[in-house]
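The structures considered in this document are given below.
Below are two complexes that have chain A in common, paired first with chain B and then with chain C.
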Partner chain A sequence: MKIVVCVKEIPDPDIAASVFQVDEAARAVVPVPGLRSVASPFDEQAIEVALRLRDQLGSAAISLVTLGDETAKAIVKNGLALGADDAYLLVDEAFDGGDATTTARALAAAIRKIGGVDLVLTGRQAADDDAGIVGCGIAEILGVPAVTFAMDVAVDGGALVVERSLGDGSETVEAPLPALVTVSHEVGKVRPASLRETMKAARQPLTVGTAADLELTAGDVGAAGARRTLERLAVPKNDVRCEFLAGESPEALAATLIERLSAARIL
Partner chain B sequence: MAGKEIKGDWVWGWPDRKRPRSEFYKDTEGRVVGSRSPFLDLEGLITPTDNAFVNAQVQMPEPVHPEEYRFEVFGEVERSLELGLDDMRKLPGRTVRAVVECAGNDADFFTYLEQGGTGPKPSFELSEVDGIHWRLSGKKREKPIGDGESLVKSIPSTCMVTGGEWTGVPLSELLNRAGVKPGAVAVRLEGWDRGRPDPITLYRSAARTDFQVYDPGVINYDKGLPLAKAMHPDTILAWAQNGEYLQHVHGAPMRLIVPGWAGNWWVKWIHKIEVMDRMPDCYHQTHYFVSGKSPEDPDKKMMTALGCKSVITEPRDEDPPLARGEHVIRGMAWSGEGEIKRIEVSVDGGNTWHDAHVEYSPDRWLWKRWSYLWKVDAPGAYTILARATDEQGRRQPQTPWNFLRKHFDGIVPTHVTVE
Partner chain C sequence: MSNPVRALVVAETSDGQPIPLVWEMLGLARRWADETGGAVHACVLGDGLDAAAVALAARGADRVHRIASPSLSPYQADAWLPDVCAVARAVGPAAVMIGHTPQGADLAPRIAFRLDAGIATACNRASWTAGRLEVTRPCYGGKAEETVSFRTATAVVTVKAKCFAPAPAQAARHGDVVAVPTVLDAASVRTRVRGSRRDASAGANLESANIVVAGGGGMKGPDGFGMLERLAVALGGAVGASRVACDLGWCPPGRQVGLSGKTVAPELYLAVGISGAGQHMAGCVNSKTIVAINTDAAAPIFRYARYGVVADCHALVPALIEVLESKAR
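Moving on to the complex of A and B:
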């Protein structure tokens, strides 16, 4: 079985919210000095799903694909340390200014170029912009079924069996291969990389590709190919007010609290 | 560590051992307000600062610029003082290496031993499922915590102990300059950390929720140190930890170091030092951090020095079966009243005891590493125990069960199988 996992480099989502700022005029995130980049946690869990499938099936070839800049090397190297077999890094100035559509287009082209892929795995969404579009976009372009929000993935007799998270429950669906699955956090913990595999990954060459290598034109990718226009970028404002209720007894306090919550249409 | 794969990571771009990582509590803004030390992943006596445990009883304050930092010494003194960090650095300094342990560290072992080792065993292995890892996205809990009672039980009590090097000035140096008046008995140190004590911390300590807790309202964290301990030359006001200026979460610009006494005495973010002619009624020494048989016990006592304690770090219950041959049993030991002098190890559940090698260290307040080479030829199940003895001749355990489960220093069996 041949599996491709798409991985995105994002700013560390664990940074304090107070550190995160945007330049509203420039509609851009203000770079934070020293902020480290990580793989989107959902994508790491997609790698974990691939590894579990390899454990289940006995063998599977796992490739990683990422679209980014040179710094994304560290992200895919980490994926190799977790157990992937090879990695493809798509780097090209032509990709700059793209959106979910152009990203899906480039990743789908890379997956086609790899060839013979049975299963594509992505995170349910990137943990930076949380759009959750690229996975289904790849499936659409490749013409394969997409199964979203996977919390468990198995292969049974050549068919894909996916338990999907529904928020308040789950459902199990089947799909023929090839297919694309977006992976949700309910998959659970990612296995730790071993020192031995990390050292091996450090020496492993990556395959670097450009838009031209993927036979994509300038109009297919980057700002020229984007279909989304960013109108405004802003950090949501939380207007938190704290009111201490007064009352002569717990019963009176509770009555006042109920009154307030009802007025606020919370109850 | 036998049979375990070494974890890897990228350190400054190089493939390397995974650096020990603490598990964090964060506030709603993503700022760390608490952490547990990855106890089992560390080597040596000084805990790297990023791995030192973090705990605050009330809300952490906003940081103060070091150049704007001022604190006052007042009360039963001849001369009140107001000083800043630069003033402190002009005084004769002192560096102390000491272990700091949260009073509630390992509290769940009290319950484990009380139940005869039949209940779930607390672990030093930290993980998300312990209920303390609240990430902003991506790695959410696999299972919901549930009700308050479950929340209370889900927070691990382990890994709140740290060895460190602290640099500052003896508190006595300051008190002597201020001139302590005759009749003074205590020194109250107040931090900028302020808030209303959360009853859940008391419920967590007691592992029960069926009692009323005293509500002091909104308070600054403070402790009233008995004068004799305040004047001890190793009790220092520190602005540096492990060779670098103190980090905010550890009490910057300045905190108190009270070697041998539990972490709650090590007041952080100090802004007031009051010399008093009576023991103050600080909430955290008259209502919390007290010994007693029950919440209703009228004879509760404030708790000060830690007991005498050894912990086995290798092997662990979680390890795969051991092969016959030689194995090192090792661990750490510390005492609230000075140097550890002896460690004894038993591999037969306490029937016979053997002296372990205790590593030399010049620092009497710091913990000690110890090891025992175990030659085992017969397969079977083994129960390994260790007990420490300190320079005062106090042998582990010293602290009896108390309802808030503070200062645990019991002997915890490690169960291993030899194939």
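Moving on to the complex of A and C:
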């Protein structure tokens, strides 16, 4: 079985709101000191799902694909250290100014080029744009079924069996391969990379590709191919003033809080 | 905002009726149509659904496309796609509006790619500027928000719950309800649902509750949630949780509030032992009043709270229950 996992490099989603900044004129996040670059957490979990499938099946070829900057190398190296077999890095100025549509196009073209792929795994949403578009977009372009919000993925007699989250429950969905699955956080913990594998991965070459390598034209990708325009990026305003309640004991604090809420007609 | 705005609202239903978020989308679409002389279309797919179609007309849809077929229920993306796309192509709306729910988030991107339309998900504001739709949506885990416009004649947007005023029901209002035959070819449905589990206790009342008591890592374990449950009963509210608490199995995943959980906007949101990460706040910032209980006075939750109590919740919550219960006696 051949599996491709799409992994995106993003600014650490756990950065504190108090240090996070955007440059409104540039419509971009400010790379403040200490803001690490990481693999989007759901994508790490997608790698974990691929590794679990390989454990289950005894063998599977796992490729990583990322579209981004040169800096994304570090992120895919980490994926290789976890046990992926190879990695493709799509870097090209022609991709600049793209959107979910152009990203899905480029990733779908890379998956076609890799060839013979049975299963594509993505995160349910990237933790920078929080959008959840690219996964289903790739599936539509490739013409394969997509199953979203996976909590558990198994292969049973050549068919895919996915337990997917519905918010207030879950459902079990079967799909023929090839297919695409978007992975949700319920799949749980990801395994750590071993030091030995990390050293090995550091020396492993990556395949770097451009739009031309994917036989995509300038009109397909980047700003020219995008379906939307980013007009503004801002930090949301927050004008709430917190009134800290004082009290000597939990009982006194509790009584004060209930009093306040009653006086404000909230209770 | 000069050109007449035509919008198509895709109605998700539950127990035969549109979910409340559909009224919020209709409210928005109706406002656009009234201000520009446009029109509101709605489509509803499933088995039967006469009552839902009538309700959509009563809440502001000028035309309801009712597509009834047993193959369309329960929802499956593969089954719904051909019909929703067919209606969208026939109507030619400026915006296809879909609720940002697990179902809508599964459906919307596929519709956008089939229609070759621009798409934005989880929108919480929308406006027309010089005849162009601009939507605003949270990103970077709620730490930023972006405003985007579209380069395609039709845009697909998923709308976040509790961000827009719902359209009121007007019993006397009648729109056209048209029965549209399904275009679905059963062979195009590649997926098959083997079974499903509904977690009835998980938080069905969470999104509609006036008071939500939510617990996080500070609850320290399932017993902490037992205590919150009692506080919720004393307040007449529902229990919510942070992802940390759900991931650790202290309470069911259906109680999760936030970016990858539910969106709530109660009168009172009492955050107990919750740090206030942007991804959590994305699900509750629209609450009328937020109250935070946290041992750490520097916790980000206090930036959103109207009232703050710096205290150990394991001492404060029992004291709150005592005050409320003695008032009730």
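One rule holds for everything that comes next: the second predicted complex is superposed on the first by the 235 of 267 C-alpha atoms of A that agree within 3 Å, B and C clash if a C-alpha of one lies under 4 Å from a C-alpha of the other, contacts with A are read in each partner's own complex, and residues count from 1 in each chain.
Operating definition for what follows: a residue touches a chain if its C-beta (ideal position, glycine included) is under 8 Å from a C-beta of that chain, and two chains touch if they have at least 3 such contacts.
On a predicted model such as this, the values are computed, not experimentally measured, just so you know.
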| item | value |
| --- | --- |
| First (chain B), second (chain C), both or neither touched by A:Phe244 | second |
| Which superposed partner A:Ala255 touches (first chain B, second chain C, both, neither) | second |
| Touching partner for A:Ser40 - first (chain B), second (chain C), both, neither | first |
| Partner chain(s) touched by A:Leu195 [first = chain B, second = chain C, both, neither] | first |
| Contact breadth on chain A, by residue count: chain C or chain B | C |
| Partner chain(s) touched by A:Ala127 [first = chain B, second = chain C, both, neither] | both |
| Partner chain in contact with A:Ser59 - chain B first, chain C second, else both or neither | neither |
| First (chain B), second (chain C), both or neither touched by A:Pro11 | second |
| Overlapping contact positions on chain A, where the chain C interface meets the chain B interface | 13-18, 127, 130, 185-186, 188 |
| Chain C contact footprint on chain A (complex, rising order) | 11, 13-18, 20, 22, 27, 29, 99-101, 104, 124-125, 127-137, 139-141, 145-149, 161, 165-176, 179, 184-186, 188, 226-236, 238, 240-245, 249-251, 253-255, 257-258, 260-261, 264, 266-267 |
| Interfacial residue positions of chain A with respect to chain B in the complex | 13-19, 40-42, 44-45, 74, 77-78, 81, 127, 130, 185-186, 188-189, 192-199, 201-202 |
| Residues of chain B touching chain A in the complex | 5-10, 13-18, 26, 28-31, 127-128, 135-140, 142 |
| Contact footprint of chain A on chain C as seen in their complex | 77-78, 101-103, 105-106, 109-110, 112-114, 116-122, 134, 136-152, 155, 190-200, 202-204, 235, 243, 247, 253-254, 259-262, 267-268, 277-279, 282, 288-292, 297, 300, 302-312, 315-316, 318-320, 322-324, 327 |
